[in-house]
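Have a look at the structure below before the remarks.
Going in written order, the chains are labelled A, B, C and D, and every chain counts its residues from 1.
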Amino acid sequence: MSELDLNDKMSEMLAKSEANVENSEKTFVRPEDEIREVVAPDGSIIKVNPLYDYFSGERPQEEKPRGGIVEKFLNWARAESIWVLGFGTGCGSIEIPPLVTPRFDMFRYGVQMRPTPRQSNAFIISGYLSVKTLKRVIRTYEQMPSPKYILALGSCTINGGMYYDSYSTINRLDKYIPVDVYIAGCMPRPEALLHGFVKLKQLIKEGKAEKANEYARNFDEYKANQKKIIKDWNMPDYNW
Amino acid sequence: MSIYAKLAYSFIGLMIVLNWGMLMGATMRKIGARMAGRHGIPFKQPWLNLLKNISTRTIITHGVMYYIGPVFRLTGGIGIFLFMPVIFTGDPNGLWTNFSFSGDLILILYFQVFGMLGMALGAGEGGHPYSAMGIARGLAQHAAVELPLTLAILSIAIQYDTFSVYKIVEAQQGGIMNWVLFTNPFAAAAIILSMLGALGHSPFNLVKAPNEILIGPATEYEGTYLGFMMSAGAILHVMEAVLFMNLVFGGATSWIELIVKSFLIYFWSVFVGMVFPRFKIEQSITWFFKVPFALGVLAILMYSF
Amino acid sequence: MKELIEKLSSKYELQEVTYQRNNLVFAAINKDSAIDAVTYLRDYEGYTHLVMMSCVDWIEEGKLQLLYLLNSPSQKNDIGIRVYIERENPEMVSAHHLWKSIWTYQRELREAFGINFPGSPRIEENFVVEGWDDMPHMLRDFDTHEYAEKTYFPRGNRKTNDPAEYMRAKLYPNQPVTAKQRKDDK
Amino acid sequence: MINKFLGFKPDEKLLPSKTVTPDTEIDLSSHKYQKIWLGPNHPGVTGNMAVELTVQGNTIMKAKTHVGYLHRGFEKLIERRLFVQGFPTSIRMCVAEPDTNEYLIARCTEELSGYADAVPEYANWLRMLSLEMARLAGLLRGVPGQGGTFALGIGVQWGVYLRDLILDRFEELTGARVYHMYIIPGGVRGILPDGFKERMEDNLRDIDDFIIRIKKLMFHNSVFKQRAKGLAVITPDMVDKFGIVGTNARGCGVKRDVRKDNPYLYYDKLDFDPPTATDGDVYSRTWVRWQELIQTVDLIRQIMAKMPAKGDIRAKMPNVLNWKIAKGDTYVRLESGRGEYGMYYVTDGSDKPRRINLRGPSYNHAISVLEHMLIGADVADVHAIMVSLQTCPPEIER
């Protein structure tokens, strides 16, 4: 890409970002996120908009699977090595320690925990989600590399469970992010979780776990739902 | 022997080392799992992880250095391999001596730092605060490890009057009593202690401390680059073990011997790591500046007069 | 506990005193002298441990009832100081100079009940909810079910039925409903 | 030492200031400081909470706790439910030891409706048994977990395995694994199954030699001592100022234990003495918890020995469907694994509670105490300090 195109791209990105900031609620922008001017070492003044310069402002693209024998082979590899993000979003995460310990050893199935979203491709939504957590969950989910899978635990993620009338927890998860496997129960036993992983493996091997592409396809709808309940939307529309 | 044959043999050797490194990693994790009473991962897991990482669809970028970091690390591993006589065959430029020459020990020491520096560049470009912390810890500890290691290696160089790994291995042939382990015990002790830091298991695994700084320099890496780093790590682990094997434990005359010795050397660090918590960075540096440093100085004094 | 209440009533006029257990007593003190009473109990009577600070919304009387629950580690008993404050734009004297932990309770009450504690540190910050734009969520007249219904895309097929009717239908299908039960249901 | 030896004098202004006070001036625009977040998505925070750190190098200059990621609004939901309907909802207020919530709610409703003395003796013994089992399950994760914060993961593996065995006993006794709903108003829900005591005794024997192993692994370990001693010291004068309770208070010599101070159930019939330590750092807190592990095993043995063979498990209570409780309020407390754990319960004569308010120990430990402790600490120690304070987010925000 030549210098000229780069400049054009930068300028249009900046314009778009400012437009976005105009649309979004100014009141919720934290002080460290406000548009400010920074003096570069060479003395030139750069306009910095943290919410949009530090992230890619692009929409998610739909990545078509290769198909054929190659995809089958890769799917086998993906299914046999599932890296779970270590983020206990709800009370269901009390059953994660038994999973990595001698009683129910999930390493046997090639399921491992990873500390950072960049390296994990499965996300356990362990139970109810308050709106405050949903914001972080969306951000984390968008940072995970595709193909990515979501396991939703408990009845809370299906229809709100016993918190159906709570002002703080969402009712159904699939309105905000696509879910691959639901594991019912309050809370699901470790055996149920293992069975959920086996089920997820089947889906991956059959090439049916393409929810990341679905998220990209219905991006606007999901975003609309998310912005409806997240009142202080002080982050980019899509951050990876 | 022609350069092409040498290249071919080096490539074959590299493949052997890579796969052995992965298998060794899986075995160590299985041993750890057995200590905890688990089955642990299956043996084929590292290859599957590598495939999975390569087959990741999304690839993010943070700039040029972000790409080059893992490449540097891989280069460090391959560099050590290329100038390391892995198998002793009695012939200075025999089959598996790769491109070893008279001064390769210094080059190998340099390549050890090379990968770390590459990671520093990549992690810096990645821009995650935890990767910056991790790489800062890594470089600081590496400096602390290098000190006793270099002293001990200098002592060995003085002892055999050479900087060529091949010559050092050659001088240790003919019986276990010729090993540096027995002929130069202080240097051997210093090397065995600094091995713990170089192989980077607990208590010296500060670079990747999940419950402190996520996973350190690799926090922002994903997909193919993570696969690069994993294979580089596999090669580096074996090559470090081979270096210590050549320096202290009399080298190897066959692949079987290499595999057994490198396994035992690597197991030593895992064995220590199982029962010891993690140091803080200042504690770890102080530890290396105490006993191993003193041993290194003793080793120097022993052979310089 | 009795002599403690007598001592207190000699200093401040107590409105209502409830002896709940032999080691727990509640006393209501008017808004102005409440913090003085709490300070007196902490400094002279040995009630040094602040157990909790809570608030109850008595919407019928249009009052909010604050509660300072103090515990005496030496005498091993508790006293709860009740303070009734007005329900519309409520305000109370901050006690953050007495305990290092009480500002958290005040911050929570500010968010949950809208009570203002002037001078309390970080009182403006959100405690549990983020970007909340409705009325304080712990007041009685905030209907959480209605809020959830109109906000969170409820899945349609959830049905709730009156437990009494349901159990009678399921467990005792052919038993006539007695007059007492009918009275209870009302 | 080395600096003096080499005659090298670093510039003090460039070094992190050794004495960090809560009111240290922090100017983010000078590039000395950086703001980093621990959590909510971080393996080093206990549960789903976040700590906002302002660091200078490795030293923490300012810390701010952010909670509310687990907020479900129990105290609002309980106003829309009957007493019996609210029961299964509100025991989920703390996932680590749900039995404590069960006892508190049951006790509050009994006391306010005048059934305080109606609970049969056998039921009270069973309540004590389940409470102590919950404490044991919590400690089996907590004590080796302190080593786990220093990357001593092997003890955690053993501990969580034994905790699973205790959860099996819970399943046998109550039918559930984590949320038991065993202690109900008026008594308990089930009797002790046949052969329970023998199976429990087997598990306790395993736990006995685990206790010895964990002692050798942690308290005889030089690196663990180096890292845990002198870290995050709680002084006795802080206890009342910050409202510190439980093992955190006992770790610095302040002997506070509800089981001794205001005995509930039959704790006065048991023979035990809460352990204490002198210097309130992470090491002595962990040491106190290790001794409590021994004591809890002993208490369970005492309970199983002293409890009557059989009896009735439930008092005659009014019909739960139209159970109205007269206007009143009370506060009931007990000693959970983390410290004093109480509930303020208000009724107004209707068939629904007016207000419940939980007082979790973490409410102070995780916010005011943690923010005070972290100032001047090392970034590498944050996880250790949080675990040693036993911060448990769900009981802060409910």
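Here, a residue touches a chain if its C-beta (ideal position, glycine included) is under 8 Å from a C-beta of that chain, and two chains touch if they have at least 3 such contacts.
All values derive from a computational prediction rather than experimental measurement.
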Pair exhibiting more inter-chain C-beta contacts, B-D or C-D: C-D
Per Cα centroids, the chain farthest from subunit B: C
Length of the line joining the C-alpha centres of subunit B and subunit D, rounded to whole Å: 43
Subunit C-subunit D separation of Cα centroids, rounded to whole Å: 23
Computed distance of Cα centres, subunit D from subunit A, in Å: 31
Subunit A and subunit B, separation of their C-alpha mean positions in angstrom: 36
Junction residues of subunit A - those touching two or more other chains: 86, 101-102, 115, 132, 165-169
Multi-partner residues of subunit D (at least 2 other chains): 42-43, 68, 71, 73, 76-77, 80, 157, 161
Two or more partner chains touched - positions in subunit C: 128-130, 137, 142, 144-145
Set of all touching chain pairs, with the criterion as stated earlier: A-B, A-C, A-D, B-D, C-D
Residue ranges of subunit D in contact with subunit C within the complex: 67-68, 71, 73, 75-77, 79-80, 82, 85, 111, 240-243, 256, 261-262, 319, 321-322, 328-331, 333, 340, 342, 344, 346, 354-355, 357, 359, 363-364, 367-369, 372, 397
Residue ranges of subunit C in contact with subunit A within the complex: 128-134, 137, 142, 144-145, 147-149, 151-155, 157-158
In the complex, subunit D residues that touch subunit B: 2, 34, 36, 42-44, 58, 147-154, 157-158, 161, 217, 221, 223-224, 226-227, 378-383
Of all residues in subunit A, those that touch subunit B in their complex: 56, 63, 74, 77-78, 80-81, 83, 86, 101-102, 105, 107-108, 110, 112, 114-116, 118-119, 121, 145-147, 212, 240
Contact set on subunit C toward subunit D in their complex: 18, 20-21, 23-24, 26, 48-52, 54, 56-57, 67, 69, 73, 76, 78, 80, 99-101, 103-104, 126-130, 137-138, 140, 142, 144-145, 163-164, 167, 184-185
